[in-house]
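What follows is a group of structures, each given as structure tokens.
Heads up, the next two complexes both have chain A, just with different partners, chain B and then chain C.
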Partner chain A sequence: MAPRQSTPRTALSCGEVRTSLLPARQALDIRSAAGLLALRADERVLLSERPGLYARSPATLTGVDCPLPSANGARVRAVGTVTAHAALTEGRVLQTSAHCSLPATGPDQRRPWGEYLVRPGVVEPLGKLPHEAVARGVLDGPRRGDLDVGLIADGLLTRLLRHPLLDQRPPFRSRPTRLRWAALPAAPGEGPSLERFTLAEDELRTVRLRVPEDTAAADLAALCNDLALHDWLLTNVVRMLDGIRLGAPSAEDPGAAVRALRPAVDHLLHLWMPGARVTRELAALWGPLEERPGFTRQWQAMVQRIRDQLTLHTVQAVHREAEPAP
Partner chain B sequence: MTESVFRETTAEPRTQSVPLAHLSVELGHLYMEDFEAGPERLRAHFTEVRPWVEAARAAATARAGGKRARVSTCFLIDDYFTRFSTPAEVVPTLLAEAERAGLTIDYLARESGCAVTGKIPVAESVAARIVESPPPGSHGLRPPAAQTGWLANGERSPVARAPQAMKRAVGWQPPHETAARRHSVFLDVELWSDDDGDRTWSCPFLAAVWQLARLGLLRNEGEAVLTPQPHTATAGFPDRWDDLPTLLKLNDRADPFAAYRTCSVLPTRFLPVEHAVRVILDQIEVDPGALAQVADRSGKERTAVPDSVADRISYVYYAGL
Partner chain C sequence: MLVFAASDKGGTGRSVTSANLAYQRALTGDHVAYVDFDFGSPTAAAVFDVPGAMRGVEERGLHSYLEGESAEPVRIDVWRQTEHPLLRSRPNQSGRLVLFPGDIGGGEFATGDEALERCVDLLLRLNTEFDVTFVDLSAGRSYAVDMVLAATAHPRMRNLPFRWLIFHRWTRQHVIAASGLVHAEHGIIGSGIERGHDEDALRAAIRFVRAAVPDPEAPLGPQGSTAQATWMQARDEALRRLAAEYRIGDSVVLGIVPLEPILQWHEQLITEDDVLSTQIANKETLDALEEIARRLTDDTHWGRL
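On to the complex of A and B.
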């Protein structure tokens, strides 16, 4: 067999991210986070304290040999490994993410397995990759039996959620989200762009990107983790505000709103840092989302609402105390 | 892109590099029965090995384009499966017999170092890096029913179940080698056995770890594992195997222990074990940082190194003994 080029041209990268609240009463400190994410004894968990506590597990590989999802029904078989890792932000938000890159062409036959293992995170098609159709197929969701990187992210999440460090007592009810992404090559000379960010049903988000060919899949995965984290924050704080009846006669239960909003203050409001762990080129993709719908604008409006509500309740409480009993 | 001003070392992966020769030649394994057979057995072994070592050296020189190839030799003593004699008794005999055959043993290793070195559970770490070859149809669900402690080069025969009422028993189905060319050579390797909580690693598994060490691909938290310790001639050899470093550098002027490729000269009876080693190496995801260092340095030296780790190892089998 002819020797392979060391870096085959990537025609498509895709992945899926699961974001959820860590089911533990207390947020994990950095040491416990390292314990939770130590998926391998011989590899360090990467720990970062600026601009916030962040821990990332070593990558794990899963071997796949199956058809790729595609929008036009083409059943292209592909073989290789999908990379998965987990990350914990401020000891509170757990993310698992799986991704792979696919070169434009591959061999006619499956290679010896060891040749795939020296290119972790690459899934090679047998023959030509219909990358546009496969990108649509990935974002529409795979059919049964097709490559499903979401299953791999799920598998890792399930494994982590059973960890003895977790007491399974989350401080508030939350909703996990899924973010599915696909990145196609940008036109020559063009920079990266975010083509579409879609909020679908069932807490599913899809992201379609165009990126220069030399963009590392790991950097793309970091961008998508960042998008997923902030989308999860918005989703869950919106839900929290939804759940309380603002302006309802406070005499019924004056503490209800405070109880409902407090977890946001305790656990979530300090997590908003879009683009903090994304390469400079890719962080620019936050731009269009900030313009419309304006992720940070919505976040700040909600933060303000929460603070106003809490202030109102404080004022009312003081007022009630000051009122002479009838 | 402009580099960021701010860095956090704990947030970045790092991998220690190790010096690399072109070729690591293994002059043999020593087991208790070989030693008990007396120095004649060793003498016969080294006499058989000598011409093949020269051939391996010549091949390495040819691959290096006629320049001097860096070649180191090593020898492995089994102190894991059976403990016999003492280093003070065994090692001088071994070195004398090698020298008599015109061979120099540059590095001496103990097999138990492939299981645990210092506080590092080397074998356990390598076992955790197994990524099983997926049979066709693997689409992201967990790999199909991995048999704990076993690793195969394909799909096993389905387990025969007792026939249920009204159902006919399913006939035997053959196993299938994933990389088969028409017909299968199916191999299922036992990696370890557990005995009352004590894990014993199998000979092929430790041999796979040994190959990774010789290829300079073992790391623990980014640090090199099984690094050679110097030996001072005056110190002699200890009376306990545990007092002997797991990897000892006997020749001051030796080329580096780890190499781009390995060659082992062994009696033919090792063939099944070494087939198993290939099956294991073909399914181990080695440290990507270590792999990148080898690729980078061999590229600068214009030395071709096969992609697949299993293809970096080679053997010469000689008959008899």
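On to the complex of A and C.
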């Protein structure tokens, strides 16, 4: 059979991001970050220091040949490669993500492997792609044996966590999160839009997007990494504030609240920069999230609350010192 | 911190007591994981009253995870999925309580280095997320015991603190068996040393919990006689001497859980409501569980003697 020339238009892009605290006592500096993320000898780690320390690994490809998840039970086999990479923000927050794009139609029969390899990050259906049903299937969670990009992201995470650079002494307990996303084509002439952002289970978030056809999957992945990072920050700072007990119990152990909140100050509060690494078109999608539920509003309220708590404890400590010893 | 729950024999109350300790820690605000490595008969789900996983889960349990058949083990949020009416409303200020169930019909298995690496991956990940992780191990010198001894000696685990609780009943046979599990030639300490553990450090991290201990001072009810009470006190004294002789005497006991009738009938969590409102459980039992849970992280109860 003759090789096909053009890549057909994308009908669906999807991916999953795993976000967790790097299990190391000290945040990694830029050189160590490059060491951790050097997944391939032939390609360099992307490093940037503005607006914050950020390192991204080269992409790895995973070959897949399996049924696609779908909400209506249709079993569509698909073949291709899934792109995965890892990123480290401020040497502290580790993310692994995997994504792929799926064209509206593919060849009716499986082609030689080489034809799939020339299209990295593309997974082609055999025949027509029921893209709406597959998008729902992806977000609902694939069944065993279906294409599961989350597993690929998790495999990469497992690999990184075994790295000898990590001393496995996380500075505080934290909650890892998963963010699944699916992007469907927008109506002609429409810009990108965020249809839904849900907190499904405890640590699972799902994002459904509509984007113009020419939007690069890598840009979408960068947007979703950014959403995942900031959602993780909110989740974990909320958790820290939940953990402190106000009023009477803190009088017995005045240091408890400071101990509980200090990791936020040391490691997290300076990481909030929504949209910093997202293309201009897609950064607009932060708009609706800022309006409702208001990510940055919630973040600022929590930052203020942490600072107020710490101030109160300082005032109390000064008071105690000033009082004559019993 | 990791807490390994082991026992030489079945029926020592290991699972039910460690589940209660996990529950008590969560009540104090800790985020707690409960890992069911009792591969032969996973029962923790029954104690937490989680339907659908009573005898383990159909797929993606810990057994499948360790064997590499699934990437991540199933987790069950106890507060959310329990049928226990009191637990359903997550108690105020409590931490998370998450059960990692075994597989139905998992059984013991022997596998190599990859299972060990996966075990290390899991324990390290849990350590980043939970304040305390309880690991319930199959009775006896099981594969599960070997695996966690190897895992805790692994270089990647060097910074992860762990402690062992050995559960046994208060009878002659159980005292001797519990001592054997730890001190015999191929016991936990011996095997631990073979795998690279430091003997003193390992010894310092092992404590015993006497479970279902009858109170020799307590009246035995209408049938109880003075002769019985005298006999029980003598037995208790003899057992204390025996335990000391077998190196599991009072100095290495973290706590004693009294004989609790409702646990003889039904393996379950003991709540404050069971003691105060319905009064089906004894206050002494709840006090003992609270105290052992507290001592888990109180360094004055641990260390070399």
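Convention: the second predicted complex is superposed on the first by the 320 of 326 C-alpha atoms of A that agree within 3 Å, B and C clash if a C-alpha of one lies under 4 Å from a C-alpha of the other, contacts with A are read in each partner's own complex, and residues count from 1 in each chain.
Everything that follows uses one rule, which is that a contact is a pair of C-beta atoms (placed from the backbone, for glycine too) under 8 Å apart; a residue touches a chain by one contact, two chains touch by 3 or more.
Source: prediction; values computed, not measured.
Placing chain B and chain C on a common chain A by superposition gives a fit, with no clash between them.
Looking at the shared chain after the overlay, A:151 reaches both chain B and chain C. In the superposition on chain A, A:213 makes contact with neither chain B nor chain C.
Once the two complexes are overlaid on the shared chain, A:170 sits against chain C while remaining clear of chain B.
Shared-chain residue A:280: touches chain B; no touch with chain C. In the superposed pair of complexes, A:114 makes contact with chain B only, with no contact to chain C. Angle at the C-alpha centre of chain A formed with the centres of chain B and chain C, after superposition on chain A: 110°, rounded to the nearest 10.
Superposition on chain A places chain B within reach of chain C only down to 8 Å, the least C-alpha distance between them.
Residue overlap on chain A between its contacts with chain B in one complex and with chain C in the other: 151, 155. Across the complex, chain B meets chain A through its residues 1-2, 6, 8, 10-13, 120-121, 124-125, 128-129, 131-143, 178-179, 219-222, 281-288, 291, 295, 304, 307-311.
By the touch rule above, chain A contacts chain B in their complex via residues 3-4, 6, 40-44, 46-50, 54, 61-67, 77, 79, 81-82, 98, 110, 112-115, 117-118, 120, 142, 145-152, 155, 279-281. Chain A contributes residues 20-21, 23, 144, 151, 154-155, 158, 161-162, 167-170, 173-176, 202, 243, 245 to its touches with chain C in the complex. Taken in their complex, chain C has these residues touching chain A: 29, 31, 59, 70-72, 77, 93, 95, 117, 121, 124-125, 127-131, 156-160.
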